[in-house]
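Two complexes come next, and they have one chain in common, chain A, joined by chain B in the first and chain C in the second.
The block that comes next holds the complex of A and B.
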């Protein structure tokens, strides 16, 4: 069995190797942010008098795909991607997700925004795992000259890279899954797949009222700031934040009751009106089968045709 | 004293749509909300439901659509009690518009929301969407049918909420404060829609000028009971009743007279005569000031503004003109680009953080700035951050509560105060910090006329620099000398307030026309017109009097001529007119008792 290979480097070289990828990642994140900003500034307000998916951009394979088949196929595929262990198949999964984005004509801005949300979490893996992975026989570990206890395990880096690629691939895939049908239709599809109706209704209402509660919290926070409130590590801050959260809870609770009353006043009796009933066709099932086959192929490739740091 | 025998309007019992008998309602904690309510509403009635904040109006309308069940008594709709399957069916015929449109817009898009009711009525998806489209067209939002509600302005949300009801083709519309926080243009859209509504209308509002245009019957609620069931004309012409129920909005009818006579509104401190002193340095100075939201939406597009210390300035403009963003920048909540000087000093990043010490603002919804468990702590919150000692804080809290007429409220819970009291508490929180610049954002929103009048007095007595943001042209006229008109992120016009009020074109251009309000005010002023007249009139009274040698006393009637104050219309202006020898109730006639006089004895 091969021993652990230790490569001793001067501190500056080690720092450069460590900082290089981090700087690249930070630059990529900043670039993403810049792109998101620029795209959202330049875009004109769309025509809201037509359904969001009724324009030509909506006529893609993903938009036409029966929502139940789409959910089943993409979620099952995501689980298969999550089970990958090697870097090369995960890179292939990432490529598939990018292709799906292109095929679905998804908004680049939204996809990048989604990616930004997971970037921090994935960067943490890239930093922590190489430094914390135990050295096993056959591993290559970079060590700083004179600091033997701190090793940078390349197997840990590969692991982290695989996790990052899987995370990005799945996050990007959520874009074609969630934005190629209106949310109520997607939730109705979930209900038809056996998710309790109440869960779908709660998600739909949460999606609507999260914005309202966020605006309310922002206004209340502004009300505190204009009277001099600044967060500090003292008991006064703790008391003020507790009052703020308490009041926010009371207001949210009261609003919940009013919303329910408003729903009842317009004839709500426990069920939201169902959107248009989806019709499953042979091509939907065919596409589902193809997508699942792709996932299984990736798994087989990962398990039987990959070696090394996996 | 208000009129003890008001004209009571009762529909024919056979034609009653709603019939409420002996209705009593108590909240879960036992607090009585309504008691002994008897009310009949006929099809086609247009009822204004008025009364103090907290008098029970909203609770009553919730009973009308079965959202609350009576603790005692009954509510019937079309002859049957509102319960079970009849209640389910009734809800599809009764539309209730909530005060806050966010409570009502739970759909993913406006189309989803407006189609929600028709779908529950059993319409197929396509028919329901057609009904929703027509309703959205009616409220002028067809172009936003697939927009999520959280991306709309407040006025648009309010109209969208109404579309959700109109799509159901309701027989009855119940509206809870429909025009609160709306700019005059949106208010007029609402008015036109409701004016054309053919069904039964029940409208809760403190805005009697709006109600006057819309309703013909007034039901006055006071502490959970119906005090009057008048015609609306009878109510608005009877100031004593209005005053008793906190509804006397007559102070709003005064300015036209002041304006006509060229006087300055009394609540504005006298200006320094021009040329006598050197021009004061600007307290606030903005040059080419711009602000863009993170998503790129431009909110301020080159604002130039100077506010001199002691000035009283109004900032007006349609919803979405950029007023709130400008205020956020002045408060230091947002940082814009361009030149910003405060009290002669450039507002650097460091100074930006301390602007709160010199600029105070009362928010449109005062609930946004009240979060402490007691009134005393609420006011002390800002003072503690200013570094005031305990004694000084206590002293300032006490003084401020006196200023806002809330003495003795120190230990009360802000959440349990009435709307007017909360607004004054929010003002107290800011005043206690002695700001150099006081900003008021829609101070009258949701207040009853009594609360408005009190607030007007309090603000009128202040001597601080004031920036008033309001759609309420009466408050603007009463409290400010200078008006800034904002439109699409710039200050398009900076004129003396009196000039702005006279320039109809200026108002119309910016959605601030208030023509119908002025017309209504004129009509109500006519109804309330009261003046002194001397003319012969009949008078029935009882006093000792002499007939030849006989002195006796009994009620008797005869004609007098002496001055009286009474409600009296002059439809022909100043032309000569006759007064019929009407009979008036008893009134004193000093010296009359000892006069010998004669009258017929039956």
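The block that comes next holds the complex of A and C.
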């Protein structure tokens, strides 16, 4: 077995290797946040009814794809991607996701929001793993001249990179999966695939009332601000936030009762009307087959042609 | 903090799905079926509550509230957690669905345990209820962090460092969560004490359903 390869670097080079990507990532995250914030603030008069998830009834490949086929293909593909282990195939998966975003004409802001949501967790991996991965025989470890307790393990870096690529690739793929059809249609597709009907209904109801309660929370927060409340790091802030939460729960539980009574009064008996019946065509199946084949190709590539690297 | 896709080994991912599907089915069974829509609406409120950020020095933390959800929803809490995670994926708050099972376990199991803990020990007095609620809140987050670390560590020795960091990062959240939960439970005990009874559990006689409703009486 090969021994651990130690490459000794002067401190400044080591610092540059560590800090360079970190600064780049931090800058990227800050830029993303700025972009997302700016877009979401610009609409002063926000629509608090349910914002439609689906983009314009677009005529892209993903919009026309039968929803059952789309769910099956993209979910199965996601699992295959999650099983990849080497850097190069995960980069390819990332490229596929980006291509899918372009093909589905997804909103850039929403894709960026998703990206932002996973950044924190994945950056933690990128920073911690190279420094904490134990040195195995055959590894290459960068160490500072004279400091031997801290080593930058390249194998850890590759592993973290693969994880980050997988995470981003799958997160981005949710955009074509979930926003190229109205939510009720997607959920109905899930039901047709064997998920209990109640799950779809509950998601639909939660999604609807989420926006109502968020509106409620915003109004309560505005009231607190008007009365001079500012968030600080102290026990009083915690108490105020707790009362705020309590009030939110009280109001929403009461509203829940009224909502449920109203539903019963309108004849709700555990079912919502189904959206129009989807029709599966040969080209839907063809696309599904092609997509799954792509995933399987990636897995085979990962398992059989990637020995040695990563 | 949620686990993102592609982090866990395949066996853990699939096992997490199987375990949480079983738990969700159990949770649905323990919820009176006609109140499932109510659970859905209440989940929306918990979702909104989890978006609230609390300043912590230069940064801010957001509440995870598995403890509160467990205390207020009882056995239905697991359903609520799974639903909330699905919503997060739909609403661009988080990534994909492959890690959904593991994430549901991570937040849902502590919620269930906290629910039992709170209902067993809450007693009658308000101060006792807030103290027990606070402990449940802290306990819920602590258990979620522990499960997160264990799941990460299942990836092998390379992941131990990340697991330790993730555990350490949760310490301030545990303290804040405990305090907020104690105050929230105290508030509810004063304002609407019936909410501290398990509302949706099957068999439990909820205060809102005093008159039995007959579904066939409509139309």
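The definition used in the following text is that the second predicted complex is superposed on the first by the 258 of 310 C-alpha atoms of A that agree within 3 Å, B and C clash if a C-alpha of one lies under 4 Å from a C-alpha of the other, contacts with A are read in each partner's own complex, and residues count from 1 in each chain.
Operating definition for what follows: a residue touches a chain if its C-beta (ideal position, glycine included) is under 8 Å from a C-beta of that chain, and two chains touch if they have at least 3 such contacts.
Not measured: the values here are computed from a predicted model.
In the superposed model, A:212 lies in contact with both chain B and chain C. By the touch criterion defined above, A:157 lies against neither chain B nor chain C after alignment on the C-alpha atoms of chain A.
After overlaying the two complexes on the shared chain, residue contacts for A:101 are found with neither chain B nor chain C.
When the two complexes are overlaid on their common chain A, residue A:267 makes contact with chain B and with chain C alike. When both complexes are overlaid on chain A, the residue A:78 reaches chain C alone and has no touch with chain B.
Legend: residue contacts after superposition of the two complexes on their common chain; A:243 is shown touching both chain B and chain C.
Look at A:120: by the touch rule set out above, it reaches chain C but stays clear of chain B. If you count the residues of chain A touched by chain B and by chain C, you find the higher number for C. When the two structures are aligned on the shared chain, A:178 is found in touch with chain C, with no touch to chain B. Once the two complexes are laid over each other on the shared chain, residue contacts for A:223 go to chain B alone; chain C is not touched. On chain A, the surface touched by chain B in one complex and the surface touched by chain C in the other have residues 183, 204-205, 207-209, 212, 216, 243-244, 246-247, 250, 255, 259, 263-265, 267-269 in common.
Across the interface of their complex, chain B is touched by residues 37, 40-43, 47-52, 182-184, 204-205, 207-209, 211-212, 215-216, 219-220, 222-229, 236, 240, 243-244, 246-247, 250-251, 255, 258-259, 261-269, 272-273, 275-276 of chain A.
Chain C contributes residues 1-7, 10, 13, 28, 33-45, 47-49, 51-57, 63, 68, 72, 79, 83-84, 86-87, 89-99, 157-162, 164-166, 176, 179-184, 186-188, 191-192, 195, 199, 208, 213, 215, 218-219 to its touches with chain A in the complex.
Residues 53, 75, 78-79, 81-84, 90, 110, 113-114, 117-118, 120-122, 124-125, 128-129, 131-134, 155-156, 159, 162-163, 165-171, 173-174, 178, 183, 198, 201-210, 212-214, 216-217, 231-233, 235, 237-239, 241-250, 252-253, 255-257, 259-260, 263-265, 267-270 of chain A are the ones that touch chain C when the two sit in their complex.
Considering their complex, residues 62, 65, 67, 88, 91-92, 94-96, 98, 100, 102-109, 111-112, 115-117, 119-121, 125, 128, 142-150, 164-165, 168, 294-296, 328, 331-333, 356-357, 359-361, 363, 365, 367-373, 381-382, 384-386, 415, 429-430, 433 of chain B touch chain A.
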